[in-house]
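Two complexes follow with chain A in common, the first pairing it with chain B and the second with chain C.
Coming up: the complex of A and B.
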């Protein structure tokens, strides 16, 4: 269960360059192609073209991590553990970008960067803290087999939060964060989904990159234990 | 002459008033461009830092792995006999 096996036709460096190129192409479209203003949000609506893709990508990655954790629990695969951990790390990056862009946009649109009684914001903040806890927990457990097992349980549990985040507005009502944004022209909508695809491709490249880093680190730790546990050393 | 001058001044003043009445009022909407650039700048910085951090980790782990493989090879029974 390695992310790189699914995308073996696309070498990782090329995948990374493609992802970055698409994200920069989105930036180009935002700067020069889409309308500069939206009727209620004026220029601040432009933040949406980076905010929305990161939000969607992080939710997808957290769900993927949850599914891979289920696989890890059923097979005990160490590589599945690394795949889930790397998916969570990249998802955490996406969630951080969502929160940062959201706070900047909120300051512009609502006059303050955060509103605690908004259910969408609150559920995303809880999601961010839980996955940060997952990442810190993994650093605290030294035994790789135990770390894999316990992380997998946490990964499955925390993935339950994802539909809660998505349906927060429908379940608990809208306070400040809207369910949708009204993009008047078809070109704005296509830029929205182009950006979503661009960011997802980049985040997939990050997932493969993080998986490689964690796999190499794990191999180095195993080899170091083997070398220094040999008699006479 | 003075009446002509006065008439000219009056006509130009009326013309200026008409122009100002026809021109749209200055926009009272706040300028959010600073927020947009701040958001995009932060996103690109975070993405770049994440890329560099991971590439640095891969390089460090690869070097460590190569070093450990050399140590294992040097200490292998074949290497010792040689």
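Coming up: the complex of A and C.
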């Protein structure tokens, strides 16, 4: 369940370089290749090429975190706990970027950065708060075994809530947020999906990096407790 | 002993303890009444504001005061290690969860009925033909609220700043249910403005029941992991 095991064929430094290169390639395509304006949203639509990939990546990462949490609950693996926690942290980064780029876009398209009646904005904000709560909760639990188990329970509960929030909003919300953008040319669409892939690869590299940092920290704590706290030391 | 018998035994035990101490319900009701009183005072001078914001105050009071009950649901069990005592007995942890949910549902509903009684007086409620559907929405909302909250309460009781963490975790999780309750309140507590057609309260009650069923099912499956020693 460790991200390093799934992606062992690609060393982490190469993965990071690949991710950044693909994101820079997306930036190049957005600046020089795709049309500068769209029918209704004019040039403000360009931020969509960064907003959409972050939104998709954070959703996928939260679902992955939920699946890893199920694995943690069935095996009790401490490493799976670290993998889930790092996936949530990187997902939170993606969610924050989604919110910020969304607000910049909303300011350009609607004249204000936040509209309360748009329940789609609200869903992303809820998700952000929910997973921020997960992060804060981890800091409050001191016992690592208890922290792993409780965090896994939260990870599953919150992952269930992701589609629940999505459908609740579809049921109750008025929608002023564009569900899809009418990208006229096939090239615009392929750039959109190229960007999504590029960001996702970069986020996966961040996940591996963060996982490695958490694993090292956990090993250091274990060493401190077992070796350095021996009598006579 | 069958699961059903254990379930009713646990509810009776919880209600008996609460009846002797009267701690949770009294604290919750007093806090709820104070919140409603302050809310009512803030809009007392304007009748149209009372009508506009009355239902919002009502659900906010329920949401905030309910956490007082939730945070105390496992307090005695954790403090006196009574939970370990229950778990070493042949009691399924899932059944314990359902019994705790049922008992807390009763306390929170009692608090909501009291708050509604005060609401009748403070906010001049006059839509008595909608009382039945309001009770259904209240019951369904409380089920979703307690179903999700009980798992979180079991985890946060005994933590440093546990009560605050419970709120931080529970409120975002409850947003879909709160939206459904507020939508139902739009046509229960006031006459919808001409041209606006809020969702039917019955549909909102069904949606709340669905949320409740999902939270109950996930709580039933996850709770044994929470109380594992």
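We adopt the following convention: the second predicted complex is superposed on the first by the 223 of 233 C-alpha atoms of A that agree within 3 Å, B and C clash if a C-alpha of one lies under 4 Å from a C-alpha of the other, contacts with A are read in each partner's own complex, and residues count from 1 in each chain.
Note that a residue touches a chain if its C-beta (ideal position, glycine included) is under 8 Å from a C-beta of that chain, and two chains touch if they have at least 3 such contacts.
These numbers come from a predicted model, not from an experiment.
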Partner chain(s) touched by A:122 [first = chain B, second = chain C, both, neither]: second
Contacts of A:100 with chain B and chain C, given as first, second, both or neither: first
First (chain B), second (chain C), both or neither touched by A:224: first
Residue contacts with chain A in the superposition, chain B compared against chain C: B
First (chain B), second (chain C), both or neither touched by A:161: second
First (chain B), second (chain C), both or neither touched by A:130: second
Which of chain B and chain C A:87 touches, first, second, both or neither: neither
Overlapping contact positions on chain A, where the chain C interface meets the chain B interface: none
Chain A contact footprint on chain B (complex, rising order): 29-33, 35-36, 38-40, 42-44, 46-47, 50-51, 54-55, 57-58, 61-62, 64-65, 68-69, 71-72, 75
Complex contact set, residues of chain C against chain A: 148, 151-152, 155-156, 159-162, 165, 168-169, 171-173, 175-176, 179-180, 183, 199, 207, 211, 214, 218, 222, 225-226, 228
Touching residues (chain side chain A, partner chain B) in the complex: 16, 20, 23, 27, 30, 42-44, 46-47, 50-51, 54, 93, 96-97, 100-101, 104-105, 107-108, 202, 206, 209-210, 212-213, 216-217, 219-220, 223-224, 226-227, 230, 233
Footprint of chain C on chain A - complex, ascending: 73, 119, 122, 126-127, 129-130, 133-134, 136-137, 140-141, 149-150, 152-154, 156-158, 160-161, 164-165, 168-169, 171-172
